[in-house]
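Take a look at the structures listed below.
Each of the two complexes below includes chain A, the first together with chain B, the second together with chain C.
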Partner chain A sequence: MRGWGWHAITLWTLLVYGFMFLPVGVVVLLSFNASQFGSFPMTGLSGRWFVELWNNDAIMRAFRTSLILGLLTAVISTTLGVLASLALVRYRVPGRNLISTLLIAPILVPEVVLAVALLLFLNFLGLPKSFPLLLAGHVIFTLPFVVLVVQARLVSIKRDVEEAALSLGASPVQTFFEVTLPLMMPAVAAGALFAFTISFDDITGTLFWKPGGVETVPTQIFSMLRNSISPEINALGTVMIVFTVGLPLLGAAVARRLAQRGGG
Partner chain B sequence: MSVEAREARQPWILLSPALTALVLLLFVPLLFIVVYSFWLRSAAGADQAGFYLDNWREALGDAFYRDILLGTLRIAAITTLVCALMGYPAAYFIARSKGNKVLLLLLLMLPFWISYIIRTMSWINILGTSGALNSVLLSLGIVSEPLRMLYNETTVILGLVHFLLPFMVLNVYVSLDGIDTNLEDAANSLGATRWQAFTQVTLPLSLPGLAAGGLLCFVLGAGTYITPLVLGGPRDAMFANLVYEAIITQLNWPLGSALSLMLLAVLGVLVAIYNRYLGMAQLAKGLG
Partner chain C sequence: MSTVTLSKIVKRFGAFTAVHDTSLEFGEGQFVTLLGPSGCGKTTTLRMIAGLLDPSEGDILIGGRRVNDIPIHKRNLGIVFQNYALFPHKTVAENVAFGLKYRNVPKDEAARRVAEALDLVQLPQVGDRYPKALSGGQQQRIALARAIVIEPDVLLLDEPLSALDANLREDMRVELKRIQDRIGVTTVFVTHDQSEALAMSDSIVVMSNGRVEQVGAPEEVYNTPASEFVAQFLGASNILAATCTGRANGTVTLDAPVFGRLGIPAERAPQVAGAGPAKLVLRAEKLHLAARGTTDGQAASADAVVEAVDYQGQAARYFLRAGAHRFQAVNMIDGRPFAAGAEVTLHLRPQDCAALPGDPA
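Right, the complex of A and B next:
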């Protein structure tokens, strides 16, 4: 039987969960506060801050920028990452360990340093702070996550299925598009989702790369924080929470369905 | 071309886009800032190319930079330690629970997906003068004036722990989940107490995961500048804040390069030590 030690661990774990969720819960709670200050006490429930948010041009612009940036990052990063993962999982590549380490190097370099290096180098080449610089930066630091996620999923796809297709007369290109790619879809989707979410959430590099006047959602929140926490920020926080939590859950559900269809 | 030669070429075709991007957008830029750190800042117009040691003399010689570097390492170390103390038992609970492990893990990882800036700012809602904690304390009559709890080193560490804890839990969990529970039972049946079985069997076997989580917490913690800006006071700047100041505010790019490289070197030594003893595979396991 499990003794008091286990009870202590259970209690501790509950406290850890509370610690992780408490701040998030408070943001959601305050976003419905009718008070004109973004703080306690709660004076009543209201959805007005979400309406204000919708009517705030700066925030909606930032939202569009983040969305476009995240989507482009996901497409490019996933393409690069899936191709590289295929090479590493499917072929005997000389220097495999070195290549793997190189591919995850952007995680190991502090993001500030990566941001400075990319900014200064591209500026030297005549590409100042701009949307392409921002995109290039986001692709580089999301790439390792895509490679890791996709690689982990790819390993589980058996080569036998492809070999069967080939031996039944399908061409390699046909095999890739009709057998391998459908089987890989959950991995590709997971990678793209990871890249999108990380890009959508980034602020450390973005503050270095974004041109003047362009804001993403996190940098917009950051600049609004300079004054005080307005109720709008809490509402924006709630939207972001729904967005960043809902999307992966949705993605997981879609991936499961794709996997089921692929398997059955 | 023979079939073998084509087989041998194919992976390189697949790898080339990613490797090209990494070389052009990461490795060459890193080499470039090494060169740039020896240039001289000129107040008007372009920085002067050349080989000047001025920036390095300032970055390495000035006690101001050294103190902030040491302070940053201390904050990162405390953060890592707190993450380990909070995260290890939680990861152990999830790994050994009889319930739905995946669900428990997913639940703990949820905040990981929530925007970093939102999670950081949310502590202001809790600890601010009109935050949740002060409201509770005031209404209970425990204090008569709101306490000033924000904008100091403790709140910076608190924010960092909240940000980094999921990394620790995930890495430790992966490690613990891979340990055969029969080993603990075997130790018990051979006369070890539960505590002995844990400290002499399970804990040593889970050290790689603990080290991987620790490395991530330390490196990510030591490289942050947003948390101190949001939750710290004027004197709680961390080393990355100096980099941000030099590059964005003062536009002193040569000095900013030197400071960036200092940070990279210090954290790079840690990563290298880790890689020497444990290898990158463990890290990949926890992230993948």
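Right, the complex of A and C next:
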């Protein structure tokens, strides 16, 4: 028998979800609003703000910057993360617990602190802000996620599978590409996706690190909001949601397929 | 096919010595078993032959060639692991073909050899399945096929049967031996299971605490254990402190408690030189229980009381007391087993006993 308590919990759950997702839904809804203003009431359905978005050079430039930054961050972070995980899990590195903790630390440190610290460090070195340094910041930031995911997977891959490959005549490098990498591919893909999405919608660190004149999508939105709430922002928000929610979902589906085919 | 020679091998892990100065020689085509309890150094020895561990001292020779500095992937060995270690992301056929890829075998020949190997392990129809669709026993057969398809110089088996169910294990044992006979590859088999060792080997190396206790054919190791450890490890033995009164005419005479004077064949007591302290080794299977008062012409006998019975179906293990001494006996059950508390007479034929030198007084 489900009493009133059960109904109360159901209601509460719906409220929580509503609180979380309603604003997102409103943004998506308003991005199709035909009105001049980026708010209610809706005056009709229209895709004009997406077209405007497409024609807005500043936004498109920011979009390209974010995309390149995200992809580069994903590639570098994943490569470094995989190498670090291999070293930490497969080899007896002296002080590996310390190294492991230090690699994970950027998750624990508040982003603002990390952002200021890196900035001060650059100042100390006398280096100007630049795109490579922004990229470096994002890599530092996303590396822990990659390391955590890949390490967990690598631990579950038995050493004797690699030993079997070696005994059959594959060199250590061939063994890595033929056996180890395919087996940890789901984790590598997940790590890369994490890195991309985290980089794609990071704002705190980016605001501190970006050189003058370079905007990413989040900083672009931020600066646009300072003037007025343009309906373009709603459209941009919708596109962002598609990217940052849709991509990981797609990735997870692909990873599941890979895992199903390859087995645990 | 090649000989394997270990020459003065030592393996240390930090301050711990896993394998002490060990020299062994395995003949071409032989099935050699490294037998011992866990931690005795048998797996460490196997891993050194494989090239998965470097010996701290000594040389390893395969086919007369020193391989210490040759990495594992250039040693041409077939290894079968305890947990199969199949590649889960490759089909069975791809698993078996894996080693051939690195040996520049043409595609059609590789396909033929994979099919042959799958035939040999009696699983010709599973080539395009993935390993996880197979049972444990089938996976282990595929692992074996993968190891032998490359025609290795030496086949190394690291407890390949221990992950299988009891029934399956015995089937696989027969199967493994049949395949080894057929291809005639020098095989090193690691196990802690004495019945596997006795059933399969040409030669058994019994190890304990990183040292070789005895090397010999199964009957030799079983009938004439070289140490108390070997006597205890290969089937239960009762060991009694005794006194040797002399060695003459192919017989070693022992004065033992409970059973009195026994004349043991000299070849069963090679280490007992002459009069002095000795140990009598009584195999639990050779100690026969009979109703109190019965006699057996050529056997020594003693009265005993059954303290406990461990019923095992076709056989029973008895825990017995005779005077101040306790014995274990394993007898086939003929009719009805003796119950706890039964008064029995133990029969023992002297030619079934073995003797070891006693501890110096």
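Here is the rule we go by: the second predicted complex is superposed on the first by the 246 of 264 C-alpha atoms of A that agree within 3 Å, B and C clash if a C-alpha of one lies under 4 Å from a C-alpha of the other, contacts with A are read in each partner's own complex, and residues count from 1 in each chain.
As a convention for this text, contacts are C-beta pairs under 8 Å (C-beta built on N, C-alpha and C of every residue); 3 or more make two chains touch, one makes a residue touch a chain.
For clarity, every value in this text was computed on a predicted model and none was experimentally measured.
Colleague: Taking the superposition on A as described, I'd like to know which of chain B and chain C A:S223 touches: first, second, both or neither.
Modeller: It touches nothing on chain B or chain C.
Colleague: A:T43 contacts which: chain B (first), chain C (second), both, neither?
Modeller: Neither partner.
Colleague: More residues of chain A are touched by which chain, chain B or chain C?
Modeller: Higher number of touched chain A residues: B.
Colleague: With the two structures laid over each other on chain A, which partner does A:V149 touch: chain B (first), chain C (second), both, or neither?
Modeller: first
Colleague: Between chain B (first) and chain C (second), which, if any, makes contact with A:A105: first, second, both or neither?
Modeller: first
Colleague: So which bits of chain A does chain B touch that chain C touches too?
Modeller: Residues common to the chain A contacts of chain C and of chain B do not exist here, since the sets are disjoint.
Colleague: Residue numbers of chain C touching chain A in their complex, please.
Modeller: For this pair, the touching residues of chain C are 50, 52, 71-79, 81-83, 85-89, 98-99, 101-103, 130-132, 143, 146-147, 150, 156.
Colleague: Could you pull out which chain A residues touch chain C in their complex?
Modeller: Chain A residues touching chain C: 158, 160-161, 163-172, 174-175, 178-179, 182-183, 261-264.
Colleague: Mind pulling up the chain B residues that touch chain A in the complex?
Modeller: 7, 10-12, 14-15, 17-19, 21-22, 25-30, 32-33, 36, 86-87, 89-90, 92-94, 107-108, 110-111, 113-119, 121-126, 128, 130-132, 134-135, 162, 165-166, 169, 194-195, 219-220, 222-226, 229-230, 240, 243-244, 247-248, 253, 256-257, 260-261, 263-264, 267-268, 271, 275, 280, 283-284, 287-288
Colleague: Residues of chain A touching chain B in their complex?
Modeller: Residue list for chain A touching chain B: 3, 5, 9-10, 12-13, 16-17, 19-24, 26-27, 30, 37-41, 79-81, 83-84, 86-88, 90-91, 93, 97, 99-114, 116-122, 124, 136-137, 139-140, 143-145, 147-149, 151-152, 197, 200-201, 203-204, 207-208, 217-218, 221-222, 225, 229, 233-234, 236-237, 240-241, 244-245, 248.
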